[in-house]
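Heads up, the next two complexes both have chain A, just with different partners, chain B and then chain C.
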Partner chain A sequence: MTTLVPVTYKGGVYRHDEIMDLIDDLGGYIVQKHVMAQDVVLQSFVPRDDIDLIRTVVKPLAGDVIEAPLVGTEIAVVSPSLEIHHLPHTACDIAEYLRRSGAKTNMIGLARGFGKRIANLNDEERDVINEHDLAVYVLGNFEECIEHKFPALRRGIQVPIVVTGAPDRETLARIVDPPVEGYVGGVGRIMHRFKRPEELAKLDELGTRSPAPWTPGGTPLHGTRSPSSRPA
Partner chain B sequence: MAIVEEQIPEVTMLTHPTPVTAQMEGLRVKLPYDLYADDVRSLDVTGGVTVGDIADVLPSRMRNYILIRIKPFSETRILV
Partner chain C sequence: MPPLNYFVVESPDPVGREAYERITGDVLQDLDLIKVIDRLHIYVDPKVPIFIAAGVLRHMPRSIRVGDFANVNPGEKLIVLDIGDETYLAPLLRELWAHYGKENVDQPDRFTIVLPAGVVGEEELEQMVVADPSETLHKDIIYALQYIAPEGFKVRRQYIKDEKFYYVASEDTLPGDIVETMVVPIFAKMGVTL
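Moving on, here comes the complex of A and B:
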């Protein structure tokens, strides 16, 4: 039986229709096509055995085929607010990195996510988050704060949740009750864009912790893209 | 997704980055629900089976979009 794997094709507009025809002819599917000025991004499922063939065909077109385990998912990146107090750098970097692995991400800054004691989630926010396939909560540095605040921020959420915060993974798993689907520790209030290797490793870890629907257990993102495609 | 894009030409005129967004359980179509929900429901998938037969077409809480949730086979008993 042919196994379809999720991949992203990045290349130019020139002759991209041939790539689309090739994927169709091989028995694959194109899930989403983005045309941005001169660039084309195709998110698709292709037979595992034919990836090398596609790579060979796109080489003269300077295209790139990257494994993207999250193709076809829509993910909510939830931050207590989008103000500088909750440092949107982290949320933006996480949203952008998940997009690289094929997901469509929406950032949701809560209207009343401030304050350990008074944080809340309104019905519109709850319903919008529930329309996604997964919610990634971007929380802060303090264990005490996450412990008190998170139950309010997750009330009524029925989709799988991944929690990020500065405490390590074991601590997050201990203080979050009932348990959620994933924890990524060591991502707290970072006052700059992610650029150091250990920070990028955390983003890779997040990509693998997000439940990848099409590949059980998720595909590690390490080594699937060239270093030059990482943010400078 | 292809059916929506082919049969509702307004989708191609939208300026959203992803006018039709794929999800695991369905699609989000970025057209006003009040004006286009019935059009989406009556789209022909194949052999007289419409989108309304195999999926729930719901109003999204995100702006005024349309949310399509595919019903399971056990509920519809339709195999396309």
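Moving on, here comes the complex of A and C:
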């Protein structure tokens, strides 16, 4: 049986149609195509056995094939508000990192997601988040606040959730009840771009903690989606 | 962290304390306020909930006068102002128009302003106050503290006068005696009397 793996192709516009035809001929498919000026990014699924062949073909075109486990997923990055307190640094860096892994990300700034007692989620926000495959909640620094506000922010959310915040992973796992699918501690409200090695390591951790609907090996993590159920 | 003479962040939550120390450093650096603030003490307790920032400024910038950026050359019929730095030219023109009328203020080129002799004395013109940078500085400091404080803490009380300032914020109504009970002791820790 052919196993399809999610990959990102990055290369130039020149002869990229040949790469698209190749992926098609090999039995893979393209989920998304971005043309940005002279560059092309293809998010696609290709047969595992043919990755080396594709790499050989794209070499003269200076293209690159990168493993991207989140291809085909649409992830909501939920920020408590659109104020300068929560944006842009943390939320944007997280969204960018997830996009590098192949995900399509949408930033959702809640109207009233801030505060310990006053935080809430309106029905429109709930419905928008539920349209995604996964929601990453970018929360703040205090354990006390996360514990109080998170039940309000997750009310009615049916998609898997990953919670990020300044308390460590174990603390987050302890205060979030009922448990969610992933926790990344040590992030919190940061007023600068992620640049220190430990901060970048947190972003890597987020990439691995975000449960892809299916793993490169073809095993569905949540049983909700498989490559065959994806739109071509 | 910034080279403040005194910088303390206090919180019952050690993770939050560390995070707020970093946030404060970043915000003060971004807004270029490190050189302005001498001492700063922050107390944040999400359980209450309360955020208090109290501090002392290094020195307040003095008012900008005409003599600071222009040469006043009195002649027989005209007083010629030779502008050295254009930064305060717009507020200067506004002041001159308000005091002596637009018909008496002539600006033949970017760096020259001419007034008829007799409308104002040389000394008086040199001492005329054009701008007060401390006004914008006050706004900047309050903005920085608003930016540092947790976003949900919308109820706030702020004070900035001479060289002392404080900013108290909470999610709930602030008690009327919050300054006496919580802010004054924080100033005392810095060795300052409010």
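A few notes on this one:
The rule we apply is simple: the second predicted complex is superposed on the first by the 214 of 232 C-alpha atoms of A that agree within 3 Å, B and C clash if a C-alpha of one lies under 4 Å from a C-alpha of the other, contacts with A are read in each partner's own complex, and residues count from 1 in each chain.
Please note the rule applied: contacts are C-beta pairs under 8 Å (C-beta built on N, C-alpha and C of every residue); 3 or more make two chains touch, one makes a residue touch a chain.
Just so we're clear, the structure is a prediction, and the values are computed from it rather than from any experiment.
Legend: residue contacts after superposition of the two complexes on their common chain; A:127 is shown touching chain B, with no touch to chain C. Legend: residue contacts after superposition of the two complexes on their common chain; A:6 is shown touching neither chain B nor chain C.
Contacts of A:28 after superposition on the shared chain: neither chain B nor chain C is touched.
Of the two partner chains placed by the overlay, neither chain B nor chain C lies in contact with A:182. Using the contact criterion defined above for the overlaid structures, shared-chain residue A:104 touches chain B, although it does not reach chain C. Legend: residue contacts after superposition of the two complexes on their common chain; A:167 is shown touching chain C, with no touch to chain B. Judged by the number of chain A residues each one touches, C leads among chain B and chain C. By the touch criterion defined above, A:73 lies against chain B but remains apart from chain C after alignment on the C-alpha atoms of chain A. Shared interface residues of chain A (contacting chain B in one complex, chain C in the other): none. Contact residues of chain A toward chain C in the complex are 80-81, 83-86, 114-119, 140-145, 166-168, 171, 188-192. Those residues of chain C lying in contact with chain A across their complex are 13, 15-16, 19-20, 22-23, 26-27, 30, 46-47, 49, 147, 150-154, 171-172. Here chain B touches chain A in the complex through residues 1, 17-18, 21-25, 28, 60-62, 67, going by the rule given at the top. Taken in their complex, chain A has these residues touching chain B: 31-32, 34, 72-74, 104, 106, 124, 127-128, 131-133, 213.
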